[in-house]
């Protein structure tokens, strides 16, 4: 017994040392947040690259990416290439000199041809390009069930007034217009920030939105306050929101659209980005995009500002300037690579050269169309703010406000953290 | 009331209390065990206990989650990595802690109290604060991304609790044992080997289980010091990569919980026999 | 029969005779442990202490600024309150339940099974535990089918559902503490049970022969012998729970007034990138452990005499 045990332990020890030693060959290490189907899609995307170059892509996907990346960068042991949670984070890494300037090995002219200036600007800091976008999500959408709408005789609202009239009509009929889900584990509150941002874009000039994002106007400004009030009129109302505030606060954002597809529907509309499609299909794989579920643009509020598009995107940056990392980065920027990625996941492409026929269905094509042709496009504001606000007090502020706290004190508190966080 | 009936009553009460607590403890886990066999749509629409009413309605149960987990994980490799990490990371700190606890419990030396106090203070050090300075040194020593590196890391993190608990148990051993050993002229290491070690078996067994579990279930330390490439990633890292960036497919976790729990339970059952009564008394007599 | 004095003195704080060895010997035994501790815990602690006097990016000296933040920030004050609640409720209940179960289970034949059941949560990673408890605390509006077992119970009694994790300040914090108790009681049980079983059977038999009833045996023989273990466990639980993090992180992330110190530290460090503040908060944790150290010092000194 004890001999066997010793034998076992020794073999474990040797196996451990051996495995460590076996590390070799041309590889590039990549860190990202993607798991499950996304991870499979990523591996599929880099397959042709591996075959063509003989370089092995070592991918690690974890939702703890911010922690791992912060630690490994601070300790001087970063991955070769990493997904970056948002442009705000990218700027922080660029500032401490952790990122490689892409112009050193990429053809900027070609990038400018394939990507809109918006993406180039968002990937740059201090005049240097540090990251590229491989896909995007469009946020300014309201999801609904065409079947439920037609059987109740509802029309798709084109303006905010029509939307509120429709909502009131539903309430008068004893129905509930909205389903909202703000719970998202450690990131709870973020779905509400999308509401505020979309409403801001529809009630003020884009320049004011930018000022708000850069904290050139305070959170207590009347423009910001108005956006929160419009959001609050819906989100804090027990008649407009399925289950009232308590349900909005405790429902996971991924489960929130489910109630649109129960029979009878418990709610009729749900505001969420393009990626929610995968949650809807996971909940019920028999639902057909376009027939059983669809979306309409989040309507305009003040007519002069129209229906701007709010989006977020997946970005990559290089931390170790190795030839393998350069090769992979050049590959990831191509339309060919991104076509594989967006086909697999139904995401929207950032590269203009991606063939629209690559999208899996008309619904995704339509979203891509909206994104590409938007008069005004703005990136998710919370992703651009310093994390202490954008993924700190803004998120918790949403929860506190929906939970019933007084708006002025919520905004005052966010303003306090912002004053502190924007300080250089 | 006769003595017999009162004894039966109190036995009955004993069994009731124990079983009630056990059932309460089990309910959350059973809920997830059942959930792991349910389709996602059912999970969202009805409580797991509704399955109990129609157990044999096979349409309401599915192996999909388990199939997905097993096919995506590369389970064999991940399990092997977990063992390669966990076994040395359990044995090394416990051996080191035994030596230290023995010295603290039975030897006189200057700075004794200070070492003991420092130990308790170290119990509260949050691991997250140690990552950056340690990883920086690991880089210089070439330990980052290697198994010996993570063995040492888990050993270091497990030591304060192990020494503290072992100190308590070893210092509580009857002094007569040590007296007679020193009269017999036994060396300090001899005393350690033939008195301290055998008598510490039950506490070492329970600490071994917990150290094993912490290392087995650890995600963050492995991701930081080892990275997540498939040839080194333990099962926890693989499981966490089942879930999408927005938390898609979280229902796979319900199945993954039960797949990764199996080795822990085997360890628990196999070390269980060291807890039996009488080891202490027996070894003294013999 | 040994140790004879325990039978007459229920409080076994016998004076120890320490081994006299060469001056260097103890340090030989301690060396491996001190090396690892120094490298993985002591050096990083000093590093943390150093960082706590600097700004966000560790460039500018800010004096006590981070500490002022740690003691005045509104969320930190909530965290202090919640940590105090955790230390008291969590430590008391885990150790108490562990003790009761260790003694009770010794009397039944199916001990191993029950022990495994109580212990099992320890074998589940905290991500798994959060999934498990999701199905206990889940909230759906009245009228909809409940998928959380607590609200389903309320529903059968025609009571309105409760949003367990947002009902501040007591309900949600106690619900989170309950998860901690569920996980950690197994630890207390296994340790106390090992300690209990190492009490020589002769003691109990002797007491029974003397005609003492079980209750009396528990109070006069068993409990005193377990006091050192109970002290150690209570200290361990209290210290561990001071840095409680994962349960909060996965279930509420400190929202709705459930913030705790370690979660705040984690956020400041890894989400907000503020190394100075998170270091100061970590140092505050170290200071909070002082009372626990004094308690142990007292015991340690008494044993030393």
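We call the chains A, B and C, going by the order they appear; numbering starts again at 1 in every chain.
Assume contacts are C-beta pairs under 8 Å (C-beta built on N, C-alpha and C of every residue); 3 or more make two chains touch, one makes a residue touch a chain.
Remember, predicted model here, so these are calculated numbers, not experimental data.
Counting steps between touching chains, the shortest path from chain A to chain C takes 1.
Between the chain pairs A-B and B-C, more C-beta pairs are in contact across B-C. As a whole-number value, the distance joining the C-alpha centres of chain A and chain B reads 37 Å. Separation between the centroids of chain B and chain C, computed from CA atoms only, is 15 Å. For chain A, the set of residues touching two or more other chains reads 67, 71, 74, 185. Across the assembly, chain C contributes residues 266, 269-270 that each touch 2 or more other chains.
Shown for chain B are the residues that touch two or more other chains, namely 44-45, 128, 133, 219, 240, 250.
Within the complex, the chain B residues that touch chain C are 14-15, 17-19, 21-22, 25-29, 31-32, 35, 43-49, 93, 96-97, 99-100, 102-104, 106-109, 112-113, 115-126, 128-130, 133-134, 137, 152-153, 155-157, 159-161, 163-165, 168-169, 171-172, 174-176, 178-179, 182, 188, 191, 202-203, 205-206, 209-210, 213, 216-217, 219, 236, 239-240, 250, 253-254, 256-257, 260-261, 264-265, 268-269, 272, 275-281, 284.
Interface of chain B with chain A (complex): residues 40-41, 44-45, 72, 80-81, 83-85, 87-88, 91, 128, 131-133, 135-136, 138-139, 144-148, 151, 219-220, 223-224, 227-229, 231-233, 237, 240-250, 252.
Note for the complex: chain A touches chain B at residues 9, 12-13, 15-17, 19-20, 22-23, 29, 31-40, 58-64, 67-68, 71-72, 74-77, 79, 184-185, 252-255, 258, 262, 275, 278-279, 282-284.
By the touch criterion given at the top, residues 66-67, 70-71, 74, 92, 96, 185-189, 242-244, 246-247, 249-250, 266, 386-388, 391-392, 396, 399, 403, 413, 421 of chain A touch chain C in their complex. By the touch rule above, chain C contacts chain B in their complex via residues 2-3, 14, 16-21, 23, 25-27, 29-30, 32-34, 36-37, 39-45, 47-48, 97, 101, 104-105, 107-108, 112-128, 131-133, 135-136, 145-149, 152, 182, 187, 190-191, 193-195, 197-198, 200-202, 228-229, 231-232, 235-236, 239-240, 242-243, 245, 262, 265-266, 269-270, 278-279, 282, 285-286, 288-289, 292-293, 296-297, 300-301, 303-304.
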